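Below are two complexes that have chain A in common, paired first with chain B and then with chain C.
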Partner chain A sequence: MYEFLNSYILSFLIFFPFITGVLILILPISHKIGSFFAFLSSTIVLILGIYLFFDFQEISATQYREIFPVVPSYGINYMVGVDGVNLIILMIIATAFPALHLILKSQQKGYWANMLLMQSAFMAVILAEDLIFFYAAWEAMLLPVFLMIGVYGKSKDKPKAAMNMMYYTIFGSMFMFIAIVYIGELHFEQFGHYSFKITDLQNIVIDPNEAFWLFSAFMLAFAIKTPLFPFHMWMPEAYTKAPAGVTFALSAIASKVAVYAILRFVLPLFPEQFVLHSEFFVTLGLISMIYFGVAAVAQKDFKTILAYSSASHLGLIIAGVFALNIQSMVGSIYQVIAHAMTSGIMFLLVAKIARDLQTRDIRALGGLAVNAPIFALFFAIAMVSSVGLPGTNGFIGEILMILGLFELGVVYGFLGTFSIIIGAVYMFIIYRKAILQNTNSLTEKFTDLNKKEILAFLPPIIMIFVMGLYPKPFLKKIEPTIKMQYERFIAPNLEKRGK
Partner chain B sequence: MANYIPFTPALLVLITGFIFMLLAAFADVKKSSAIKANIAILGFIALVQIGVYPALSEYRETSIFFEMLYIDRLGGFLSLLFTVLTVVFIFSALYAKDEKYYKPEFLALTNFALFGMMIMASAAEFLTLLIALEIVSLSIYTLIGLNRESSKAIEALVKYFLLGSIVGAFYLLGTALIFGSVGSTQFEVVGSFLVENGASPLVLVGLLFILVTMLFKVTAFGFYYWSIDVYFGSSIHIAGYLSTAVKIASFILLIRVLAIPFEGISHIWQPVLYVLAILTMFAGNLMSIKQNNIKKLLITSSIVHSGYILINLASIESLSVASFSPAIFYLFAYPGAVAAMFLMLTAFAKEDESNLEIEDLRGFYKHYPVISLVIVIFMLSFIGFPYTVGFFGKFYLFSSAIENGMTELAIIGIINTIISVYYYLKIIINIYFYDRVETLEFKPSLVLRSVIILLAVTVLLGGFGVYNLGNVTPLFS
Partner chain C sequence: MGFVSLLVFLPFIGGTLIGVAYLAHLKGFKISQKIFSLLAIWAPLASAYLGAKLFLAVYNDPASAITVKVFQWIEVGDFTINLSFYVDSLSALMTLFVTFIAALIHIYSIGYMNKDEGFAKFFAYMNLFLGSMLMLVLADNPILMFMGWEGVGACSYLLIAFYYKDKANVKAGNKAFIINRIGDFGFVVGMLTLYVVVGKYGFDFASLKANAFLIPEYTIWFITLFLFVGAAGKSAQIPLYTWLPDAMAGPTPVSALIHAATMVTAGVYMVARFSFLYAEVPAVGELIAYVGAFTALVAAIIATKQTDIKKILAYSTMSQLGYMFIAVGIGAYSTGIFHVFTHAFFKALLFLGAGAVIYALHHEQNIFKMNNLKSLKIVYFPMLIATLAIAGIPPFAGFFSKDEILLNTFASGHFLIYAMALITAGLTSYYMFRLFFLTFHNREKSHAHIEQPPLIMTSILVILSVGSVFAGFAGLPEIFGGSNFIKSFLSHSLVYKAEFAHVSHSLEYILMALAIGISLAGIFVAYKRFFRYKEQSELKENALVVAIKNKFFVDEMYERAFVVPLVNTSRFIYGYLDRVIIYKIVQNSAVALNRVSHFYGRVFQNGDVKWYLVYMLGAIAAIAIYLEGLINV
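Moving on to the complex of A and B:
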């Protein structure tokens, strides 16, 4: 049993939520039982995730690898594996979903079944080591999001928001698909057989001109998903019109998956292009950060503000990924975890405001803290972490990235610091407007978090401080993989450029 | 003599056709029992086909009737596929709402059409090919005309008949020109003659005329406009049959003709197909994008899919039929979903199911969750979404284009896929994201429902690689 579990644990993490999700959808069971089974299933995934986290060896190699041929003549495999970086993201995915059951009030079994399908697709994307399987999972991630925006979204023009989201992301990923096929053909030409394994594809030689186009096709897909300025047009609508669970998943997980995919696929496949265009993407990341930060100030809808602020932080993360040194890359991954927690908490707290008060307009709010001190406290903790106050996990990630950016160039470091300050200023203004001050007739009725909700929010709140004060155990998991990637893909190309 | 054994299925179909013709004339058989009898007979014939399949020789090795027909695995497999699709077609007529589509001659004509397609799939010579083509066309013309109450059907019949006859005449003239310069109508002889001697202007004109007929049948750009009127005018059942079985047969003909007799002059026809592939995809998409009628959308979007298949024909370098296997895989993969969609349309309780608009599907999922999910699967397969067979179909087509150095064709193909996402998503959006205004009844029989679900399952199985390109290539080895 132990052996069996150890060799198929990743497949179990991918397919178990999928199968339960489909069963809940098609079996004629009541909404209550369906939701319960969804909760049970995500709890099992969480337990396995924790087991995996502690069983994981702190080395740079990929572990728990599973290979199963799908189309042998074309070298298409089902291939999954876990290393230091995707282990962390796997933990985010595993922990987030059971907690949602305690917070969100939806009674629809279809809602929870779709959440399970989403979880399965996220797992598949981060664990995939075969490009075709990765692409398949990448597309599969979209469908539940698309359906949930359309079916469970509340606003009138939700079909338009869903269509925009789907069309934009498919637009990006289809070009990535052609690039993947092209890379497969290159492998065929150079080695005489097809393969889409990332481990095989690292060995092919790509002409720089071709590599530029392939690199762009990949980056287009990831830039749309993140989203980076100017590929964000789908984002505000989709984030705002989606039901709370989806907004949470999009902001806390889907956008991180894109960051991760850059490190996992783009860097090993096109290391030269990665180094060559790093400054462009650092600049784009910083522009995104400032642009979304400024855009957030002008918004009135609390959820839209958070959407923009989340995109703003992702801009900095992308800049960190492309800053070409170990500490900023480690910082980015650390910030990926930190941001998943803080933005997840904030989106869910705002979902509670919307549910209880039927509005998210910050002009109508105010004085929430009077009746709901715990709510206000939790929101404040998430917020100070998101602006990077020392002692919280946001600080560790941001300081590492800023240091890395200073190493790359003083201007980049300065811009990064400056935009963090902007972010802090507007978050505090919004907090004062919406949550502090006096109550009005609407917010008088607002009640505090109940015990179940406190229970669900408490672990990430504690983690914010744990990871902020004692980051070592987490850094230890991330660092070997990042170091290996840096030495293998970035350092040689940096030397080349230096000459 | 042993070579003739694989021919027995076709012969049996022909005899069945004659029997039903006589029955129609002299006996009064009830519709349902006649249809059931025919389905049983075709089921038996399918078994015979499976039985003789091992006896089929390697590709192009054996021919019968003085080298008029190939006896090979490709032809054998296609015959089986046509039989299955014909069974589905006949079966859908069983559930036609009234006697409008059914006359006693219906079964005889369908069997003749099936016989014609079986011959089309294994023709080894230009004249046999024409005769088979005409057998199919005449049967289909009459099938369309059986519905005398609809003026649209009569219009479709006249258009199809006139245009079909004209291109048939072109084909005959082309064959005559080729016979005049080569001295034979056999594919192999023409092929080796052209490889050795190159093409004289006369042969080129002949090629042009023959290509016109073929491209007309596969609804390529410039030759597609008839198909919208004809498919739309004829009943849903026949439109479904035309866009699955008949279309596969026509494409296989095109592939055979290009690969064998015109192998030596690919540098002449490939650029033509290159341009046509691009234009076909864009034209089909332009017509589909503003379409609200579901039947018409299925018809116009099938033109786009013809364009994808042409990508493969235009880009391959080595002209063995095996290198056409991406196109052939797509031909097997795509019609399942089309057949299922047409079948589904027959079950809508609407006065004229040709008028079913996308908006009519609003809120459909609340009442028919399983069928809605199945429609989603088919739409995703049309898009080429992963986990459906359409994904692998497109994967093989585009990678064949890249492999042969025509990346631009693959990119244009993907751009057209992106455009097509719009109208396929529109159907999903209407099913799931809007509430129903008026109640639209959907009454599928249990058998129809299971056939549709079965087809959806095959689409998914293909998406998980259960059957793949590796299963197509043995047809040529």
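Moving on to the complex of A and C:
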């Protein structure tokens, strides 16, 4: 049993939610029982995730690898594995979903079934080591999101938001798909057989000109998904119009998947291009950080502010990924976790506001802290982590990224440091307007979190401090992988950068 | 020395405990105020005891600096940061008076905050503040110092916005936090640049001091300038000072502890801590000295026309901080810290005295509307002592430290700064005695009922009065037969490079007489004008007076120059750039694509969502069939 579990644990994490989700949809069971089974399923995934986290060896190699040929003649495999970087993201996916059941009030089994399909797709995307499988999972990720915005979204123009998001992301991934096929073809030319295993594809030699186009095709897909300026048009609408669970998943997980995919696929496949164009993407990331941060300042919709805030943070994370040193890359991954927690908490708390008061307009809010001190406290803790207060996990990621940017160049570091001002500005303004100040006739009936909700929020709230004060266990898991990637893909190309 | 970590962590534990207890209290698990009081003060008292113990240990052996490592905090690549504490004469002295004054103010607050519905919340924040302040002071490296630095900022925000139902209070809190963040921008830029240059050889203060010679001079310029931006934000220096007067929205003990005695002096402490860098670049120091002098003077001018007792004290704090920056700017680091030390006593006393006055008069803060409070002797005499101390009248505490600053400024040859500081001294004694006379002497008879402050408050006033009288003797200068203990004690931690001309004893007496004379003149003018003043406001109004009353309209200028443009840019991005420009570009490209594939467009793009779903499912089915075909090959 133990060995069986160890060899198939990843497949279990991917397919168990999927099968449960499909069964819930097609079996004639009540909404209540369906939701319960969804909760049960995500709890089992969480338990396995925790097991995996502690069982994982702190080395750079990929572990728990499973390979199963799907289309042998074209070298298409089902291939999954865990290293220090996707382990962390796996943990986010595993922990996030059970808690949602305690917080979101949806009674629809379809809602929860779709959430399970989403979880399955997320797991598949981050565990994939075969490009075709990765692509399939990448697109599969979109379907439940699309359906949920369309079916469970609240606004009138939700179809437009859903379509916009589809168009944008499919547009990006279309080019990525072409690039994937092209790379597979290159492998065939050079080695005589097809393969889409990332481990094989690293060995092919790509002409720099071709590499540039292939690199760009991949980066386009990921820049849209993140989103980076100016590929973000779908983001404010989709985030704002989507039901709470989806906004949560988009911000806390889907955007991080893009960051992860850059490190997992783009860096090993196109190390030279990665290094060569790093400053372009650092600049784009910094522009995004400032652009979205400034855009957040004067927003009136609480959720739109958080959407822009999320995009602003991701801008800095992308800058960190491309800053060409270990500190900034580790910092980016660390910030991926920290931001998943903080933005997740904030989006869910805002979902409560919208549910209880039927509005997210901050002009109509105010004084929530009066009747809901624990709600206000939890929001404040997520907020200070989001603005990078030392002692919280947000600080560790931010300081490492900014340090890395300084090592890349003083100007980049200088611009990156603006993040500590801009985040504080919009966050503290909205906290004042929506949560502090005095109550009005609407907000005086706002109630505090109940016991179940407190229980659901407490683990990430505690983790914010644990990871801020004692980051070592997490850094130790991330660093070996990043260090290996740095030494293998970045360091040899630094000289060619001509500086 | 292991107890150093206990000294820092106890207030954090205390703050967390009382915070959790408060939440339980709110949720129906009622806890009495007595228990909250005990929870509130045990940690500060324990820290004060340990602070004294620490000081004694260092006092006996001031030359040795000790590092107490708790655990490794961050380690990525060569970036290794420990959570460890650095004990030398500088941090030991700071710890001594920070814990001492914090403990006193906690006790005082039990009386001041009596029956306030946020009683426990207040102490939770105050405890957390104390822990953060100690972390700032005892940090062994700049990153950990930054942790304390931000912690005190956050607690300051929480306490300014303490009565958060009032919009003005929360706005004041936000202003403090955001302006401090602008300062922190400088701190981070300076700190991380320092890391990039020499951090690999160790980023603790001892290693940095040893390796400072490796840093090119222009880099030191860059680092020290940006670090000073951080110091200016925290210590309310021009141009980042506008938050401090507004910060008086918090309860008065907060103003005493955070916005007078401890947190705002962190900038001075930081410059002294980095004296091994600042000593290398006298020109940057000169700039700091000018900023300090200018701040001291401007704040003193504004203070002369304010009517709110706490606002006057806030401007006086700013002005005194200016003095401290003059001192550290010209390279007289121990003199700056000496003034931090004496100022902590008399300024805490002034604020706590003001708190007692406000308490007695049922929240009246306008000094022109205050009754004849002479009869309240237990407040009157401590306030007189503190006012004399800040006015620089010997032998009270402020005299020795301020005089040392003036003397050193003169000896360093910065005569313009010296003149500004001297004028500020005159203004200081004028506006402080204006406050004093209007509060205690101006009416014949008291009209309203005076609420007697409880013993728990007044006893603290007495203790601080003793400090305000004697604290100056810790730096008794040579010409009075002293040995300037502070200077020799701190010399083990600080780096001196600045040159001070030798000043003969006779010249020193003359300068001293000049300073005292100017202070007395200020008192005399205040006496003439306000000792028997009867009106409800100041009568003279001309353009200059209006400008001073309105703080030279700096807040309004900042609003116009920074806040409004930021909001407008934000609206422009969301309303125009995002929704019009980029949207149109995207849409037009889509339309162009559509035209190219006109046929495709006509058949498939019929705008009906369900058809798109059909197409997509069709496409997926096609791929699936294709893949199946491949498998069968």
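The rule is simple: the second predicted complex is superposed on the first by the 497 of 499 C-alpha atoms of A that agree within 3 Å, B and C clash if a C-alpha of one lies under 4 Å from a C-alpha of the other, contacts with A are read in each partner's own complex, and residues count from 1 in each chain.
Throughout what follows, contacts are C-beta pairs under 8 Å (C-beta built on N, C-alpha and C of every residue); 3 or more make two chains touch, one makes a residue touch a chain.
In this text the structure is predicted, and so the values were computed from the model without any measurement.
Legend: residue contacts after superposition of the two complexes on their common chain; A:I399 is shown touching chain C, with no touch to chain B. Of the two partner chains placed by superposition, A:I44 touches none, neither chain B nor chain C. Within the superposed three-chain model, A:Y135 lies in touch with chain B and out of touch with chain C [touch as defined at top]. The partner that reaches more residues of chain A, of the two candidates chain B and chain C, is C.
Once chain A of one complex is fitted onto chain A of the other, the partner contacts of A:M484 are absent, as it touches neither chain B nor chain C.
Of the two partner chains, chain C is the only one touched by A:Q299; chain B is not. Of the two partner chains placed by superposition, A:L23 touches none, neither chain B nor chain C. Of the two partner chains placed around the shared chain by superposition, chain B is the only one that A:V151 touches, whereas chain C remains out of contact.
Once the two complexes are overlaid on the shared chain, A:M174 sits against chain B while remaining clear of chain C. In the superposed pair of complexes, A:A364 makes contact with neither chain B nor chain C. Once both structures are placed on chain A, chain A residues 70-71, 73-74, 76, 150, 159, 163, 166-167 are touched by chain B and, in the other complex, by chain C. Residues 369-370, 385-387, 391-392, 395-396, 398-399, 402-403, 407, 410-411, 414, 417-418, 421-422, 425, 429, 432-434, 464-465, 468-470, 473 of chain B touch chain A in their complex. Every residue of chain A that touches chain C in the complex is listed here, in rising order: 70-71, 73-74, 76, 150, 159, 163, 166-167, 230, 232-233, 236, 291, 294-299, 325-327, 330-331, 367, 369-370, 373-374, 377, 384, 389-391, 395-396, 399-400, 402-403, 406-407, 410, 413-414, 417-418, 420-421, 424-425, 428-429, 432, 436-438, 469-472, 475, 479, 483.
The touching residues of chain A, counted against chain B in their complex, run 26, 70-74, 76, 132, 135-137, 139-140, 147, 150-151, 158-159, 162-163, 166-167, 170-171, 174-175, 177-178, 181-182, 184-185, 188. Chain contact summary for the complex, chain C toward chain A: residues 23, 26-27, 71-77, 79, 143, 146-147, 150-151, 154, 157, 161, 164-167, 170-171, 173-174, 177-178, 181-182, 184-185, 188-189, 192-193, 195-196, 566-567, 569-571, 573-574, 578, 582-583, 586, 590, 609, 612, 627, 630-631, 633.
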